[in-house]
Amino acid sequence: MLMPEISKLGHVALITPDLEKSLWFFRDVLGLEEVERKDGTIYLKAWGDFEHHTLSLKAGDTASVDHIGWRTKRPEDVENFATLLQTAGTNVQWIEAGQEAGQGKAIRFKLPSQHSFEIYYDIEKPLAEEDRRSVLKNQRYKSWNRGVSPRRIDHVNLSTSMDPGVIHNWLSENLGFKLREYIKIENGPVVAGWMSVTNLVHDVAVMGDPQAVTPNRFHHLAYWLDNSQDVLRACDILRENGIEFHGPGKHGITQALYAYVLDPGSGHRVELFTGSYLIFEPDWEPVEWTEKDMAVGLTYWGQEIDPVKYPVNSHTTEG
Amino acid sequence: MLMPEISKLGHVALITPDLEKSLWFFRDVLGLEEVERKDGTIYLKAWGDFEHHTLSLKAGDTASVDHIGWRTKRPEDVENFATLLQTAGTNVQWIEAGQEAGQGKAIRFKLPSQHSFEIYYDIEKPLAEEDRRSVLKNQRYKSWNRGVSPRRIDHVNLSTSMDPGVIHNWLSENLGFKLREYIKIENGPVVAGWMSVTNLVHDVAVMGDPQAVTPNRFHHLAYWLDNSQDVLRACDILRENGIEFHGPGKHGITQALYAYVLDPGSGHRVELFTGSYLIFEPDWEPVEWTEKDMAVGLTYWGQEIDPVKYPVNSHTTEG
Amino acid sequence: MLMPEISKLGHVALITPDLEKSLWFFRDVLGLEEVERKDGTIYLKAWGDFEHHTLSLKAGDTASVDHIGWRTKRPEDVENFATLLQTAGTNVQWIEAGQEAGQGKAIRFKLPSQHSFEIYYDIEKPLAEEDRRSVLKNQRYKSWNRGVSPRRIDHVNLSTSMDPGVIHNWLSENLGFKLREYIKIENGPVVAGWMSVTNLVHDVAVMGDPQAVTPNRFHHLAYWLDNSQDVLRACDILRENGIEFHGPGKHGITQALYAYVLDPGSGHRVELFTGSYLIFEPDWEPVEWTEKDMAVGLTYWGQEIDPVKYPVNSHTTEG
Amino acid sequence: MLMPEISKLGHVALITPDLEKSLWFFRDVLGLEEVERKDGTIYLKAWGDFEHHTLSLKAGDTASVDHIGWRTKRPEDVENFATLLQTAGTNVQWIEAGQEAGQGKAIRFKLPSQHSFEIYYDIEKPLAEEDRRSVLKNQRYKSWNRGVSPRRIDHVNLSTSMDPGVIHNWLSENLGFKLREYIKIENGPVVAGWMSVTNLVHDVAVMGDPQAVTPNRFHHLAYWLDNSQDVLRACDILRENGIEFHGPGKHGITQALYAYVLDPGSGHRVELFTGSYLIFEPDWEPVEWTEKDMAVGLTYWGQEIDPVKYPVNSHTTEG
């Protein structure tokens, strides 16, 4: 059996207690395109996303992340991941083709932290309706149609009350994620790690949060914009719409230029994100940051996230 | 006598306890061009400034602002301002032509707050040496030669332990500055005002600071950059040089996009500035902001200035 | 009599043979805000404009400019301009208050080139309806609501089959415009001039076009954007909407960063504009550009306007 | 034997008839960092490049590309590529470790078009000297030290008098490059193709040029900048230095935002490049562009390259 591989982050399935407001936020303010509604779930994507959707919204009593979807490299990888995960003691649940709009059969399972992941290969990549279609053949929807208008989904960031190093190792051993950068307490444990299977610095980050009330907290979902100025323009748009956010700022770690904004319908945090860098070196040595590097590491410059003020926006995931 | 008029902010003359470090900051990091050295004073300007200089640096025991220079509209305005000011009880001191490099005769005097102003008309507008000269005939030096590389001087911001409304009125009555925006305590006094004689929202701001140890504090000098991205690039440059700053952020009042940086040689604060807007309406009604507007007024978004952390960077002026 | 003065460009009144398409272009693609409809005329403005309108659209058989409106500095300037113009032999027509929505009484007259100008002082500066109003007290509409979303009107550019120097002199002598930059054939005439009464490099330009079929051609109307990136974003938006334009590019003269786009309803040309510089010096010496400077003068870099390909977009003005 | 794989573009080795002028261009104007001089070759890199060098300059009678270097995924891939290439009839030459500064043993060989490629795995990734080192641990040199200051090498573009489809196939079969986008004459051949092994749309492009005097022409080398505004700033810098370039513009194909500039020492063309998009989908279907798509395909907007005017800047490669 050829070792199965993850090719990329696919989508995030969010549950929101105020579907209408979340839809307003993601579609009208952020400017994502609505692709389809099916069985009470609304599917959205950015204009530069190719897959059927990169976000779904569904009403629920409390805000949570239903699952985070990852695409494999080959069709047979889904089955092979199922086998390997079960062999390693992870409970795997099969999802029928079509249960999620536009998507083939998939598996769902939980990390040791109880974060819920989905793995699939088959996914539609529909063209947009003609009047919303870009004039460019390498782009789905017209860009800049509405609101912030990010290009594509970029990464997810998870936090946990567990030792995050356990999750980093699990993601490395079971799913092939490579550690790219991490924060380590001097003579102590790793407290945060950024990991990827692509040339991005991170497709997923897992950060320790000792005060988290559950091990499976969701820190944020990130959408990519092409230019720093596009993030500053987003700040104006958010303020004009009365929406709370933090930033702009730049992390030293990952070199991300960011604004962090809360979906007013659910409290889920979204990062509007550009900058960063790509890793092409096959022998990349993970970059270690310790306490003494934190003057430039977490907040290189700009406004930082205030964890005291916004504890609410970090939600449990329910598989 | 035709009423004399101010045409524009000319320059700021700074005293620094560490001339070498201030020169490194303003010339090598900010990227101002050195124009001339004379009698221990170093004269600098931005690549898009037309006058002989817009900044001067001189060694002194403590950091202070020697004076802030303003150009008049007509040659005879200098003499007429002298007459009017003296008639109104302000002590006026004449400065001989050439005492300040490139400049004709001028007057100096103090505001009621003891901030020291200079008024002149005659000023050289020398071309740059050929190898530093822009290929554009409407620009003095080559742009982007070095460091942050702002285009031009923009405004000054003064703070005072006095009632700032007194200074606003004095500037209006004696020098013709028009109030453009102001902060007023509801049912209370004006605590900050932005004033101009040009189409800029402000050539000068005067802000009350009840805890200031003197009435003549200098809050900052601003240089203009053309694009928001140029300010973000400046943030990177400042961090790479280990220089402290606050921002980026955007004020609601004046709509300035800013980063505030401290000259490590003197502690004088410099605003790297873009955005804002122009006022062309002759019947402009000053925009009033009260406490309830402060959520968007002072810091529309981004990192704010921390007055607690940086009390030192607000200096006395000595005439 | 105090010499009357122009304070600023107010608005441009366009006639279009396809009102619906022009409205789509200016409102939906460029993103101007519709303020009012009255007597078949649609009034629009940018989110950062303060006056009642900066553009009006009216249906007509052929594309033309009805008039270009200029605001005076003082109320009595309108009457005084009328007197002076008539004394100098210019025919002046009075416009009643309210004939143009939001505006008081005004005068209209023609330049020697037959371009039609309007002069007024009284103008409403209405707040936007609450749901379209900016959260900022110094801004009328929410920014970035739709499309390109420029901040404000900036300038007009006229072309003429006459000697443009005649018009420059007329604008200087009758309306107080100051020449800021000009192109002169070596040992020959001035063929283009940029003039202003504000700190802008130009509120109006007049360019000679020997092949123009009438002396009163309209070259373009310009709206200002804050950042270069905003102009590049506009280019994407225009292409996604299938609209023809030229640029981006940068002129050496005026240092404008531009994209020139044609209203598909009328063929009128609009410049999406940023960069440039401000003139504060009261003794500004007009910058002369000759043939030998044209390598950087007209097109400093980027795509130039093709006058051969687009002769149609330069229209006659009808008073 | 595990199939060997290319991980990334490593470097381009240029020969220049005017080494001093080329060094001025790449180091002082573009702002690359000089890393080492050895045996008459000067090695340079961008501040965000991790390998020892991404460009080398060596004096020679005529401008040419000595070789284009590619890094493998695993150490043993070099030997395995050698075996496979020789088996397939390609002549392979071994390069000793150290012959190229900072690099281990490598192989060189020619494409059917006679373009000279190098494959290596071992490469030093030295830290910068302390005074030139970034304060960020995930970045080698300080950013924005000088000139245009791009972040990293991005891709190469080759042109050939041969049928380029032959080269696309060869690159696919022998080196594993995947076709991402291509231009095809309707009912005719493929005339240009963009290929990659990374998430970039292209690491290499090969374009047919029937009028090329040799099959192994070099079209350009690209360096990446993070923001569109950084490319516009580069345009200003190039003009101030009197250097010829084309752009800015945006290609529909690859969605690159570009300026193309010629090294005045050698005529080699360099693309200053941002925008574009990333491909994460494992089943990417190459995007086909035909003649009827060329209105947006080659030049989406902006100034295009003029192949008539600049035939000289496309040079032969000599292995």
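Things worth noting here:
To keep things simple, chains are lettered A, B, C and D as they appear, and every chain counts its residues starting from 1.
Everything below uses one rule, namely that a contact is a pair of C-beta atoms (placed from the backbone, for glycine too) under 8 Å apart; a residue touches a chain by one contact, two chains touch by 3 or more.
Everything numeric in this text was worked out from a predicted model, so none of it was measured.
Fewest steps needed to get from chain B to chain D, stepping only to touching chains, is 1. Pairs B-C and A-B differ in how many C-beta pairs touch across them, and the larger number is found at B-C.
Matching the C-alpha atoms of chain C with those of chain D calls for a turn of 180 degrees, to the nearest 5.
Taking each chain's centre as the mean of its C-alpha atoms, chain A lies 45 Å from chain B. Averaging Cα coordinates per chain places chain B and chain C 32 Å apart. Each of residues 135, 227-229, 236, 239, 296, 300 in chain A touches at least two other chains. Partner chain A is touched in their complex by these residues of chain B: 227-229, 232, 235-236, 238-239, 245, 247-250, 257, 296, 300-303.
Across the interface of their complex, chain D is touched by residues 134-135, 142-144, 146, 227, 229-230, 233, 236-237, 239-240, 242 of chain B.
By the touch criterion given at the top, residues 7-9, 48, 50-51, 71-74, 125, 135-139, 151-152, 181, 198-201, 226-229, 252-255, 274-275, 277-278, 280-282, 287-289, 293, 296-297, 300 of chain B touch chain C in their complex.
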